[in-house]
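The structure that follows is given in the form of structure tokens.
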Amino acid sequence: MASKDQAEYVDAIVQVRYAETDQMGFAYYANYFVWFEVGRTNFCRARGFTYADLERDTETFIPVIEARCQYKQRVCYDDELLVRTRVKEFHRLMLTFSYELLDRRTGALHAVGETRHVFTGSDGRPKSLPGKYRAYFE
Amino acid sequence: MASKDQAEYVDAIVQVRYAETDQMGFAYYANYFVWFEVGRTNFCRARGFTYADLERDTETFIPVIEARCQYKQRVCYDDELLVRTRVKEFHRLMLTFSYELLDRRTGALHAVGETRHVFTGSDGRPKSLPGKYRAYFE
Amino acid sequence: MASKDQAEYVDAIVQVRYAETDQMGFAYYANYFVWFEVGRTNFCRARGFTYADLERDTETFIPVIEARCQYKQRVCYDDELLVRTRVKEFHRLMLTFSYELLDRRTGALHAVGETRHVFTGSDGRPKSLPGKYRAYFE
Amino acid sequence: MASKDQAEYVDAIVQVRYAETDQMGFAYYANYFVWFEVGRTNFCRARGFTYADLERDTETFIPVIEARCQYKQRVCYDDELLVRTRVKEFHRLMLTFSYELLDRRTGALHAVGETRHVFTGSDGRPKSLPGKYRAYFE
């Protein structure tokens, strides 16, 4: 199912919510990381599985161990954004996603970011990603 | 431990976060329900137990089945608020909290609210509150 | 533009985010009110204007003065929901929306809610809704 | 008011809210950035001013242009944390805070992070920090 041919990145659409703005009049900085999560969820679905299933079926979790974001242009309420998600690095014990946040209409770049993850069981201990899921990230 | 003498209400202090404001320049309305939750957590502790322990030790959860809030005066970033929490009604299968949100310094009333809860197991099915915890809410 | 023929309700699609769950394993109760806001935003657009423009062009805000929600069935991460939004009551100084939260596939009802609003200027003082916008809510 | 003697760092206390957990059973990763903001707010107050006043009195804003966090140990509902905030770098046009997130009781390190900021007017354009505020960050 996963192959060299599969799209290198996956776009998710996010529309900025009023709840996500702050009194400065733009989207609050922590919310970009929520949008990155929307990007990851959508990336998994586009590759052929759901993260919800992965958690449920294999008791594997993919917590974040490092996150970063560079904010380039402010984002406003009701803006339509693309969260462009890529796997930057993947091996059995670690997974790094990179993100670009783009204006859906103009293509303007609003932010870039990265999240690094490990695989754990429900007890929080490291484990390796179950074999059948590895191909999805390659 | 629980007795007629115990305080009828418990006050929790909440300081409004920048994240909780929106572009209108005041706190976003959904966050009041988060503050009510802070009030509940603090109510439990003041009564002699923690909600975290109740969940962990008895696998009992207290999900919300109804919530309401009346917004009286806007709340600003950095305001110090009191969340005044009371048990309004309690029986074996149901629990209702009421809340007042007050300015900590002036005592001005910013909002009133209510949340109604049931008791469930980790499977989401109704159960009755374990006996040792009932006295805390009476 | 607004007429008797216009749809009585407007549906917005919401996909439950991981950020919106809590350790009970379902969506946290305050987030339903954020989804209601998504419903309102979408309602406005379907009626022919954007709430962002209304704020910007007329310096009119529509803060919430009362909100309520009844939770009927738990909502899980990645669930696709419909937020079905209606104007329940409208006059020059007040606006009430009602909401149904439905499973997009099964149509199962997860929650019902209501938000009541007033119209204010940027100073927070009541004003009446500018005339050109009234038809949108009728 | 600001002097070499002033404390190098300022500690804010944060108690993890139920709303801040996710279905993995720990605090959701984006919320750490909200806690960093609580750290900044508290840092300002400890240095002798409030960020709210700075915004209001001088129409100066301090938006984030870069943020990062390393997650070391998971954080649970009801945990009491210290957000230890320092100015890492400061000059007229730029400000960098660093953060340590510690367990209040054990002192265990849960996370470290950094946010980089610029100074802007309400129009979002860069400006330099008004003179009277510079000493607070030195």
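Letters are used for the chains, namely A, B, C and D, taken in the order the chains are written, and counting of residues starts over at 1 for each.
Simple rule for what comes next: a contact is a pair of C-beta atoms (placed from the backbone, for glycine too) under 8 Å apart; a residue touches a chain by one contact, two chains touch by 3 or more.
Because the structure is predicted, anything quoted here is derived from the model rather than measured.
Novice: Looking only at C-beta pairs in contact, point me to the busier pair out of A-B and A-D.
Specialist: Higher contact count goes to A-D.
Novice: Based on the averaged CA atom positions, which chain is farthest from chain C?
Specialist: Of all the other chains, the one whose centre lies farthest from chain C is D.
Novice: Using mean CA coordinates as chain centres, what's the chain A-chain D distance in Å?
Specialist: About 25 Å separates the centre of chain A from that of chain D.
Novice: At what distance in angstrom does the C-alpha mean of chain D lie from that of chain B?
Specialist: So the centroids are 27 Å from each other.
Novice: If you average the CA atoms of chain A and of chain B, how many Å lie between those two points?
Specialist: 33
Novice: Using the touch definition from the top, which residues of chain A touch two or more other chains?
Specialist: 18-19, 23-26, 30, 34, 37, 77
Novice: Show me the residue ranges of chain B that touch chain D in the complex, using the header's touch definition.
Specialist: 15, 17-19, 34, 37-38, 41, 50-52, 76-78
Novice: State the interface residues of chain D toward chain A in the complex, per the touch definition above.
Specialist: The touching residues are 23-26, 29-31, 33-34, 37, 55, 61, 63-71, 74, 115, 122, 124.
Novice: Could you please specify the touching residues of chain A with respect to chain B in the complex?
Specialist: Touch list, chain A to chain B: 18-19, 21-26, 28, 30, 77.
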